[in-house]
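For reference, the structures are reproduced in the following blocks.
Below are two complexes that have subunit A in common, paired first with subunit B and then with subunit C.
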Partner chain A sequence: MNDVLKQFVFQELVQVSDPKKFSDDEDLLEAGLDSMGIMRLVVFIEETFGVTLPDDEIEPDNLQSLNRIISWIERHRS
Partner chain B sequence: MLAVDSLLKYQASSPERVAFCENERVVDYRSFCLQVASISARLVDDGVNPGDRVALLLPRGIDAACSIYAILFVGACYVPLDIKNPDLRLAFIVEDVQADCLLGEGDRPAWYSSGIWINLLESSGDATAKIDIEKVYCAAPEALAAILYTSGSTGNPKGVSISHRAIDAFVQWTAETFTINGDEHIASLAPFHFDLSLFDLFTSVYCAAKTSFVPQSLTLAPGKLVNWLEEQGISSWYTVPSILGFLTLRGGLKLGRLPALKRILFAGELFSIERLNKLASLLPDVALYNLFGPTETNVCSYWLVDRARLTELKSSPIGGSACGASFKIDSGGELLVDGPCVMSGYWQGGGLQKKEAGWYRTGDRVSENERGELVYHGRIDRMIKSSGYRIEPAEVELVINHYDGVQESLVLGKEDMISGQRLVAAVVGEALDMQGLKIYLKHHLPSYMQPYKMIFLDFLPLLSNGKVDIQKVKAQLEGL
Partner chain C sequence: MLRPLNTADHFTLMMDHEIRQSGLAGNFCALVFELDSAIDIAWLQMRVTSFISRFPEANVRLKQQGRRFFWKQHEGDVNALFFHHRATDSSSALTVIEAIINRREAAESALPVGFHLVEMETGAYFMLRWFHPICDAKGAELIMHHLLKDEVLSDGENPFNQLKSKWGLWKKIAMGIQAKRHINHLDRIDSSLPKVEPVIADQLKFQIVTLDRDDSKAILLQARKEAGMTGTALYFIGCMMRALQRVGCDEKQGFCVPYAMNMRKRKALFPLLGNQVSFLFAQASLQQVANRALLFSELREQHKTTVRSGLDVALVPLMEAGAWLPLHKYGRIIRKGPKGEERSSFWFSYTGESDPKVEEIADAKVNGMFQLSQVTSPPALGLLVSQYDGCLTLSFNYIGSQIDQQWMEQLIATVQSELTGEVAA
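On to the complex of A and B.
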């Protein structure tokens, strides 16, 4: 799951100098993830991983870094 | 300017009325005006004169709003910068507009060497500023009030120059058309370099309304944004379809929510008819208005969304005349506009290139439907709209072409469900380094102007007439 997610984030949503060096705790919002990027990301996650993410959980706390996103997805996988 | 006169009037007649709110900070008309007077005294002390251009490097909010009124108090013209722009672009704009002064917070930026720097965080030393109405400069209607920089088709940003007359026409029209009064609570989300902000800054004060700045973090949290609009009791909101689309799809909107909301005005890009229809059904009691016009004309037409027709329409009409604008459609289908809201000209290369009197060519293709409403069909040129931002591909190409080894490039808009269009580029050159090019673009262009995908080609395919075969390149880029 991590690799698929990372590939999507760095190819479609944020441009970073070296994705391999971008740590899973680094700030994606700083790196340029914006509201439209978040919408793309949520759609991608739901379609790719078959989870439903509640509307009221779409917020910076759950999207700040790759690790936050991954644990958010994990919480909704049963 | 009407809004300046109104501010001076209300600070005396209803001083305790709330003017602006930003998070926990609330300022009434009196204290807002006092802050404006204090900043304007500082501008005068530091040597700003009527007719000067004062660039503004501040985030959206009360301090920036105060600064804008202060600039107008001294008869100068405000130039709001996008604080997210890379330094190189900011430096270009400040140089191009020949800014006499830059207003911001903290240290003087390295890219601004000449001219006056005012650090708002530094106390003005004049905490006892008084409001001296006699000292407020009375600008001529044709004097410039604001210069809003936008992407330029010649490859460099250009400044749309807006007179006091044009802002007044817009303020009066919005106040009357939407019956805005002192009971209104307006939400403000548009950055000040977008013309949508003229409503939040000026119509609001003209009508003695209260305006609350939407906290920036809420733009990333649709559910919380809806909660905020509801808790605040927002009654009017002028925003862009991409944000409304986000709220419609993921904001947890349902019948009965946002009971205080009376109207939403939207502009800046197309609103997909399916999403608009969904929003209309979730908010049955809210009047929805589609406002239309390039920055050069501000709002020149508008359409009150007719719910009964939404299921049969293919796109949202842009309606009939707004702000006293007259229309003409030429034989090629291009919309020409004349009226009091039209800009004075472009600020470019250090001076105002005055617009010739008469019709302004919008570059938009339109037609009239059987009801006499205008319908939009796209651009006659290459301009791209992405999440409400307008982008001239030529500006992006010029930057790409300056990168080591690049010979030429072609930037196109790829159709996109979420942003309308997204930028993609085909680049021709030798021994090119994709990652290096991406980093280089990050330093030269704001994020919305960076192509999200690029391909390297050996050459751009040509048509038999010698022009680039755009369709062929498009097909290659679509596959990405």
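On to the complex of A and C.
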């Protein structure tokens, strides 16, 4: 899941000099993930991982880093 | 050698035609930087020369061949892209800037980019005026970055072409139909428009409101609270809809606002040129606009449905087909509903925090930045929201002869009160 998510984020949404060096805890919002990007990301996650992410949970705490996004997805998978 | 305009460039060229038909100069836009001191003109001229030698594709002219339009390399003196103006104070400098954005040039001879320094007794304005078919607002920010810095560009596929290359013919046809249905659906609600005097359009005027960092922060927090993390642009659109309704406008059944979506990756320094955008619409009925909570929930839901159903990019194949039409036919289809009425209640753009940030130009500190854009008549009004160093700037662009100044003042004050959320639902 991590690799698929990373690939989407760095290929489609955010430009960083070296995605391999971007840690899973680094701040994606600081790195440039914007409001339009968040919407595309949520749709991608729902379609790819078959989960429904509630709108009222679209907040910085769940989107700050790759690890937080993964935890968020995991919470809705189980 | 001729280089074809991309699909979105062609869209903005069509808007150039429509703006000229309205009686204005054409689809010219600007980024304007306010500087705290005068700058070294020779250095700036040298940077312009260096920029054009690194990006010769920025020194082109439009050429029509058959039905299509192309960029043709221009071999003229690159110093002709740099202009030096003088003004006594800020007020007269803004008058110079107004004259520059309204300067008329035939589309075929229009400079794609022009760099204007307006020197005052203390301080200066530096203005990048661009002909919209050459690039979008994010591209203009990138031009400024590459004008001032010798950054090595990472190679990469043009994101807009990359997106288009993913689709086969049948996929494009299906998406085009989907987009057409979407537009037909939008046309079920007649759009309200600003109050416009029935006189000939003369020229673009503008009023700039720069908010301080605390007020800006409060507005962005309010936006997140009411429109969610994905709805910052929608918050500004919704507040403008409500302000128009409150001050009084040519009221119909609702409001409809087109806005552009940047296809580049955030933080990407490439590509500078070519419009790398798709388009979305925000629409709300009068009843929804009258109720803040209902309005933002409707706009959010609409945005979500748009992205989920792929409509955020479905307009691209429709634009691709439109590029084969004569400009006036293309313009009619894009702008007008079935009864010939204007679809756009106003023009809107939100570019977020200036990025990459231009902190100084030739050792002169940048104190602020605003944007300008010509508009068609109707709707004769555009709101461009940008952010520099945490401070929001609202740039109200309107047609001077058609929009009443007092009405405009009321609208600006009402937009501000809507943004701060001071207004009860």
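Going forward, the second predicted complex is superposed on the first by the 78 of 78 C-alpha atoms of A that agree within 3 Å, B and C clash if a C-alpha of one lies under 4 Å from a C-alpha of the other, contacts with A are read in each partner's own complex, and residues count from 1 in each chain.
To be clear about the criterion, contacts are C-beta pairs under 8 Å (C-beta built on N, C-alpha and C of every residue); 3 or more make two chains touch, one makes a residue touch a chain.
The model shown is predicted, which means the values in this text are computed figures rather than measured ones.
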Original post:
Touching A:T52 in the superposition: subunit B (first), subunit C (second), both, neither?
Top reply: neither
Original post:
So, does A:D18 touch the first partner subunit B, the second partner subunit C, both, or neither?
Top reply: first
**OP:** With the two complexes superposed on chain A, say which partner A:R40 touches: subunit B (first), subunit C (second), both, or neither.
**Re:** both
Original post:
First (subunit B), second (subunit C), both or neither: which does A:G32 touch?
Top reply: both
**OP:** Could you look at A:L63 and tell me whether it touches subunit B, subunit C, both or neither (first, second, both, neither)?
**Re:** both
Original post:
Both subunit B and subunit C contact which residues of subunit A?
Top reply: 11-13, 15, 32, 34-36, 38-40, 42, 55, 58-60, 63
Subject >> Sites on subunit C touched by subunit A in the complex >> reply: 228-233, 261-262, 264-269, 300, 303-304, 307-308, 312, 352, 355
**OP:** Name, in rising order, each residue of subunit A that touches subunit B in their complex.
**Re:** 11-13, 15, 17-18, 29, 32, 34-36, 38-40, 42, 55-60, 63
**OP:** State the interface residues of subunit B toward subunit A in the complex, per the touch definition above.
**Re:** 217, 219-224, 242-243, 245-246, 249-252, 387, 418-419, 435, 438-439, 441-442, 447, 450, 452-453
Original post:
Okay, in this complex, where on subunit A does subunit C touch?
Top reply: 11-16, 31-40, 42-43, 46, 55, 58-60, 63
